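To start, the structure under review is shown below, and the notes come after it.
Letters A, B, C and D name the chains as they come in the text, with residue numbers starting at 1 for each one.
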Amino acid sequence: MEYKTFRIPVELRFRDLDAYGHVNHAEFFTFIETARVKLMEQELEQRMGAGAPLFVVVEASCRYKEFITLRPEVLIVIQVERIKRASFDLLYTITDGAERVFAVARTTMVCLDAATQRPTPIPERFIELLSEKGA
Amino acid sequence: MEYKTFRIPVELRFRDLDAYGHVNHAEFFTFIETARVKLMEQELEQRMGAGAPLFVVVEASCRYKEFITLRPEVLIVIQVERIKRASFDLLYTITDGAERVFAVARTTMVCLDAATQRPTPIPERFIELLSEKGA
Amino acid sequence: MEYKTFRIPVELRFRDLDAYGHVNHAEFFTFIETARVKLMEQELEQRMGAGAPLFVVVEASCRYKEFITLRPEVLIVIQVERIKRASFDLLYTITDGAERVFAVARTTMVCLDAATQRPTPIPERFIELLSEKGA
Amino acid sequence: MEYKTFRIPVELRFRDLDAYGHVNHAEFFTFIETARVKLMEQELEQRMGAGAPLFVVVEASCRYKEFITLRPEVLIVIQVERIKRASFDLLYTITDGAERVFAVARTTMVCLDAATQRPTPIPERFIELLSEKGA
């Protein structure tokens, strides 16, 4: 199955810089969270309503390519890499909207049952929305 | 009535610095929140149990005296300035633990009823704990 | 003299929320900093070039009117309230872009000489840019 | 060669929690940065003086085991995993100071020449300080 690619801009803040004058490396994980939540809110939750699943990050990584200094925004390209029964992997390419790649990150998310807080299968409807033929 | 003074250390982080190499001015409000929550948790809530009230900040201000650069911690002196029926004011002096004063801040907190989210009188027991004769 | 009013949108992040599910009160100061830096960068610095002054916050306050929950952005209306020889006051109204006002904040900024780090008069060109007849 | 293990406590803040009431997953990277900077400042830089190298994070990852809710502090165990010519890997185990492991993280750091911002060999003295026979 082919999965979709999403392109989400994230606005930067002066506060994202640290004492070196670059965006702090931990902040990249907030950028990808911001992009992911925007994706979920704007594209997925409104189509799923109350059935929107609860996801938690169980693994996250980032490979830094280039420093980011103060700029209006970054464009984050989110690709669904893999979907398993109760988890899925997202790949994030943090770019300037053109050729420059600042970093490449990845998260593994697990779908939790809101009541039991235990892993639960990803809803079919959610998988469809992430897939090329979805929506 | 005389109110107590509390002295709460707060550990600093490299991430508290901004691109100027000083602690970012917004971070001072996180420092005083950290100190206030430590105070509530360590000194007040354990003596009040389930009756611990819910407080929200309705006004906050800070006058900055001196830049803070990276250092292990600051010592925050919290003084109860005024207690009214449903609100109270705290004064925070952010110091190096000795003579230097980095900033002076103030918050007005309102006591909310957890169920209705409306202002509610501050519990007597809480006022006693903030008062010199308390505890 | 009449001063200008600026309207600056600031994108929100899931991370701006705290454990109460509302935007954390310290984060409002980061919002107004973000808006102020956008204003400086986009509207003022490019017209002043190397002559752009260095400003530091010496006082900041915020009166909270309404909780902010997760939403795409806020619109911050920045009004120049007062300009003195080496300092000026900005008033920020944090809104939903329409009728709702979440908070009203104020900062006093002092103009510093980059070399000596001592207060220095605000450049005339900067005052013009903040004034109705400016630019 | 055997490398040292360092045990660094990091104080938590209410602000580290997100809207789920758990420490936000990006904050773990700030915790390990805080621990690493404390280690550098307290144990290494004072012994190296002006020769302290400049390190940047080129890769970071974290595997989350257990949610962290509000607590006074975590204890971070830092192990030097590998030292190469211009880079080294640190492994961080984020614990409650006893048996519980909240997360395991890893960073790859590259040593930069402060003037050229290009990779440069790690100073011998720094490697000694990280090694069992060091100090």
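Annotations
Criterion: a contact is a pair of C-beta atoms (placed from the backbone, for glycine too) under 8 Å apart; a residue touches a chain by one contact, two chains touch by 3 or more.
Remember, predicted model here, so these are calculated numbers, not experimental data.
Relative to chain D, the chain whose mean Cα position lies farthest away is C.
Here B-C and A-B were compared by C-beta pairs in contact; the pair with more is B-C. Centre to centre, using the average C-alpha position, chain B and chain C are separated by 25 Å. Taking the mean of the C-alpha atoms as each chain's centre, chain A and chain C sit 30 Å apart. A separation of 35 Å divides the Cα centre of chain A from that of chain B.
Within chain B, residues 14-15, 24, 26, 30, 33, 70 each touch two or more of the remaining chains. Taken in their complex, chain D has these residues touching chain B: 10-11, 13-15, 30, 33-34, 37-38, 41, 70, 72.
Within the complex formed with chain A, the residues of chain D that make contact are 24-27, 29-30, 33, 56-64.
If you check the complex, the residues on chain A that touch chain B are 14-15, 17-19, 21, 24, 26, 70.
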